[in-house]
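In what follows, subunit A forms one complex with subunit B and a second complex with subunit C.
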Partner chain A sequence: MEFSPVLYIAIPLFAAFLIPLLGKVSKTLVKLTPGIVFLYLSYGSILLFPKAMEKPIVQVVAGFKPPFGISLYYGATAAFLITMVTIVGFVIWLYSYKFIIREPIEKYYMLFMMLITGSTGILLTGDMFNMFVFLEITSIAAYSLTAFLRDKDGAEAAFKYLLIGSFSSTFYLLSVMIIYSYTGTLNFADIAGKIDLIPPMAKGFVLVLVLVGMGIEAEMFPLNGWAPDAYSQAPSPVGAVFGGIVVKAGLYAMIRIVFLFFKTPEVMQFLIFMGILTLLIAEMAAMRQHQIKRMLAFSSIGQMGLVIIALGIGTMGSTSAALFQMFNHALIKSLLFFAAGYLVFHSGSKQIEDLEGLGYDKPVTSFFFAVGALAIIGLPPFSGFWSKLLILVSVAKAGDIAILLLILTGSVIEAIYYLRAVVKLYTRKEVPDNVRRTPISGLVAMGILAAIILYVGLYPGVIEKWLAPAANNLLNAADYIKAGLF
Partner chain B sequence: MRKAIAILLLAIVGYYFINVFIHMPFGEKREGVGKYYLENTVKETGAANVVTAIVVSYRGFDTLGEVTVLFLAATGLGAILFGKRGEKRRLQGASVIVKTTSMMLYPMVVLLGAYVFVHGHLTPGGGFQGGAIIATGVLLMFMSYRHFNVSHNALTWIESLAGLTFATVGLIGLALGTTFLQNFLPLGTPNDLVSAGIIPIIYIAVGFKVGAELTGVLDNMLKTIR
Partner chain C sequence: MLYYIGAISLILIGMYAVLTKKNLLKIVVGLSIVDSGVNLLFISVGYVKDATAPIFSMPSLTADKMVDPVPQALVLTAIVIGLATTAVALGLVIRLYDHHKTLNINKIRQLKW
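Coming up: the complex of A and B.
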């Protein structure tokens, strides 16, 4: 049987239903399951990758051709992002292996697997209501995992997330409702051809609903109030999933819908404007944080702002750069969360202040944190350098110097607070003897990410050559419609 | 000041909300997939109940997702309440009248639930509704009898096996060289109990799963010590 895109959903679901039964046999089996699933899916995604880059794979579910049944649209953009998601998902599982030792283990792994599968579904689907279902899967897994440690702060963060997340789902569902009642279809490609059946006022309202609904998931200002709490209270691997994977899915959904249905210069201008606000406000907020994971969360919001700006410019160059930045951010932010997770664990405190001297006590973990910090600032020879450079070049080509300066301002602020944390790590100070060590699985996970970051930094060509088809697929609505409705 | 701005914003959103939804076409005869479903469902799926055919067949992938949503909600609740579970509920036993009536109603409620999901492709209702009816039957017993207990082990087995059935039925379609969740059984005569291909199998699995999950949720919440 050939690998088919529907397996990205079917296999993890099958495994999730199986986990409770495996739990009766052995806990080790439960812990291994997500790893095997993600390893297999990464393998499959690499096999499918060249095919999807050439021509979108549209997979029908239940045998009814679109728009009557649900179809999955595995185009170049989706292939690029989903391959990234499965590989990062596997690495995060590896990190979880020794990190999550708290009961109920089987529930953790079930929710963890579904959180990533839901995001994959959002990236994969070609149907507007199906996207809502995957949004729900992602959100419900995310709420439960935020409160997984069962402390007071976690419960508060999860409740906040639940309230804001419900807005997100409801708004999105309302937009689906309006679209369906005017066009009589739910297939993205079909809607894109019939979007003018919707009267202007309702259409504008749909745009607002989608921007608010998916903007919450994409952490766009001012809809990102949930993020810092959720990131910092959830277990570290879950924080890595939020920053590395879930946000990307939300952002992709928002951009896909806007580019297919609402691509007017005004909307693009608005995206740029919101991106700049998101970037600057988040970076300034990150500067003021005293807790390491909250700092990472705000930095993640800022990075999303940068990506939104690049997408809003909407040229081939800037869209490629935005996708490259999404890829880099997924790897680098996961690495930072991994390292921060163990640094917090070793120092016993979430405060940046208390990291002093850990660079000498825990050299390897601290080294990986430093790598991540330098990469995200955009210093060579790491991969973050190239994507940031591409974004700046594309902005300069678009001729908007003001935006260029604002992005640079954001980057300088970012550099300051990351370097501050790194300097803190390497400030010499007597630390009480600490016998706890970072486990091998955690170090291997960090090592894999750091190696990819360095490799892509040295040979950016390996990723760059796939950016053009991926960006083209995102920008070119006519091609999407043609492929989606065969 | 903040309140004034909030009220103003709400008023603006509300204005557009009402304006858009008041003009939205609803229930009129339209082109689009809805019309296609009404005309072709019986021929294509063999299900007499068009709603069920849409839910389980045309949009079966969504239903698999919705089953997962409920599964995750139950799992998440279990994870958050883990360790806070007591062995006994704090509820007082009910009066003799309530107890006797519940004892008589309980089997009938469960039977009705089973009827609803078994006939999902013929009559209104289906797996979700049938499962929910069964769970209300169990709730009735929980409220009347202090010592009425359900085995969590059994619930886990039912939940998992039902979920696996759904996923396996989908994968069989794929393995046979067609698509995921595609029908591979004969459609039969519409309106017969055994008809509509894989729809009844899926709905029975969903009925068991939803029933077990909601029962588990009720039990978890009733037994949590404050």
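Coming up: the complex of A and C.
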């Protein structure tokens, strides 16, 4: 059977609705379904990935040719990010297998599948309103997952996220409306061709609405108030979902729209500026955190700042470096959340203080945390090193020393607080012996991630050769318009 | 024009409620007022005076006598999404009330920003 891009949306959605039914039959089936879905999707990625790198695949849904119908655009960038989503999703499933033991598990997996549907939808769609729908699918699943543990703080974090999130989608919907009222179309490629029909005033307004709307999902400063609470109150695998999948999809949406419609030097300058603010403020906030998951959340915001800076520079080199960094961050931050999840579980406390001595009691989990920490700081031989290096090189090439220094400052702060946590782990201290062990599925999940991180660190070429087509696809609006309208 | 003003003032009223009210339920009501405002605004964009639905089986109907059907289809979707969001929000409010026995947002706020 021919694998078509629409299956990336259809299969997780189908699985999401199948899971509650399977729950009536057997819990094991419920647990296995997401894994099968991810295996099938990665099989699809293997088939489609090389094709998409050469030429974008445009899939017409429901038989209306673009610009009238909804079309899916599976270009190089989308292919790259969707492959990333499938990998991360698969490991998150593996990790959840033994981590989510609390009922109702079928609801957890259902929402998880919904979230995957929404995120791949955002990455794939070529239609502005369709993107809004997928954004909302993602957000509603994310709100519910945040409150999954049914505790006080979870509900509060979820409500906060919901408030901010609904504003984000309202703003985005308003921008869709303004664009539609001037151009009379919703297809990205078609709008990009007709963008001059919008008067400058309205165009500026639309830009602000899009930046605010999608900036909330992409954790751009100052719109990221939801992130630390949601990350730290949700179950650990959900933290990995947010950092690895949701945020990446939001950022892709924002950048796709900005690069297609509003690519002027001023806007790019503004992106760099916001990126720097996001990076520095988040890193400083992370420094002050006493809870490990809050620290990881702020670090995730900081990393997104770094990516936004690199995208704002907008050269070929910096864009591919930004994509590389997105890929690395998704894997490394998932690894950190996985390890932190079990460390918190073993020590029974979310405070960094209480992790003291766990490095000797739980050597394997702590080792994986240390690997993640070193990788995200950007030390060789891990993959984080190459993407950070590429970003720095591309910034230096663009000739802006001030930005270079600010990024380095951010990285130094980051190194300090990560190393502080790692040192805490390996400070010798008598810990009461506890018999709880990290289950094998969790260890395998972390092992896979660590192996990929190390492998990409040693042979960056495996990822690097795909970056150029992906970055080219993101930067080159003319190609997008041509392919999107055929 | 009147439609635009009405819709925009609905959005503003909703935002005012979300930003200033301390009661969780009032905040949720505010959110759904914002939703309605955006939906109305969207509908007004496609509105044509004295026009009717675009039914192609009526031969006397010409294109300038039709309203734009696209915004209506979109708004239908947006209404459903708004309903889902409101439902989730109300569910969370119930859970917050169970834990805290209050709906006042100042007394609930435990997580720092």
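Just so it is clear, the second predicted complex is superposed on the first by the 486 of 486 C-alpha atoms of A that agree within 3 Å, B and C clash if a C-alpha of one lies under 4 Å from a C-alpha of the other, contacts with A are read in each partner's own complex, and residues count from 1 in each chain.
Heads up, the rule we're going with is that a contact is a pair of C-beta atoms (placed from the backbone, for glycine too) under 8 Å apart; a residue touches a chain by one contact, two chains touch by 3 or more.
What you see is a predicted model, and the numbers here were worked out from it, not measured in a lab.
Engineer: Between subunit B (first) and subunit C (second), which does A:17 come into contact with in this model arrangement: first, second, both, or neither?
Structural biologist: first
Engineer: In the superposed arrangement, which partner chain does A:239 touch: subunit B (first), subunit C (second), both, or neither?
Structural biologist: Once the two structures are laid over each other on A, A:239 reaches no partner at all.
Engineer: Which partner does A:44 contact after superposing on A: first (subunit B), second (subunit C), both, neither?
Structural biologist: Neither subunit B nor subunit C is touched by A:44.
Engineer: Under the stated touch criterion, which partner chain does A:314 make contact with: subunit B (first), subunit C (second), both, or neither?
Structural biologist: Neither subunit B nor subunit C is touched by A:314.
Engineer: Once the two complexes are aligned on chain A, which partner has more residues of subunit A within touching range, subunit B or subunit C?
Structural biologist: Looking at subunit A, the partner in contact with more of its residues is B.
Engineer: Of the two partner chains, subunit B (first) and subunit C (second), which one does A:129 touch, if any: first, second, both, or neither?
Structural biologist: A:129 contacts both subunit B and subunit C.
Engineer: Once chain A of both complexes is superposed, is A:140 in touch with subunit B (first), subunit C (second), both, or neither?
Structural biologist: Both partners, subunit B and subunit C.
Engineer: Just checking: does A:183 make contact with subunit B only, subunit C only, both, or neither of them? Give me first, second, both or neither.
Structural biologist: Touch status of A:183: first partner only.
Engineer: Let me test your reading of the model: by the given contact rule, A:69 touches which partner, first (subunit B), second (subunit C), both or neither?
Structural biologist: first
Engineer: Would you check which partner chain A:107 touches, where first means subunit B only, second means subunit C only, and both and neither mean what they say?
Structural biologist: A:107: touches subunit B, not subunit C.
Engineer: Once the two structures are fitted together, what part of subunit A is touched by subunit B and by subunit C alike?
Structural biologist: Residues 129, 133, 136, 140, 143-144, 147, 150, 155, 158, 181, 186 of subunit A touch both subunit B and subunit C.
Engineer: Along subunit A, where are the residues that touch subunit C in the complex?
Structural biologist: 129, 132-133, 136, 139-140, 143-144, 147, 150-153, 155-160, 162-163, 166-167, 169-170, 173-174, 176-177, 180-181, 186, 225, 228-229, 233
Engineer: Within their complex, state which residues of subunit C touch subunit A.
Structural biologist: Interface residues on subunit C, with respect to subunit A: 11, 18, 24, 27, 31, 34-35, 38, 41-42, 45, 70-71, 74, 77-78, 81, 84-85, 88-89, 92-93, 95-96, 99-100, 108-111, 113.
Engineer: In the complex formed with subunit B, which residues of subunit A make contact?
Structural biologist: Contact set of subunit A toward subunit B: 1, 4, 6-7, 9-10, 13-14, 16-18, 20-21, 24, 59-64, 67-70, 103-104, 107-108, 110-111, 114, 121, 129-130, 133-134, 136-137, 140-141, 143-145, 147-148, 150, 155, 158, 178, 181-186, 199, 201-202, 205, 208.
Engineer: Show which residues of subunit B lie in contact with subunit A when the two form their complex.
Structural biologist: 16-17, 19-21, 23-26, 30-37, 44, 57-62, 64-66, 68-69, 71-73, 75-80, 82-83, 156-157, 159-161, 163-164, 166-168, 170-171, 173-175, 178-183
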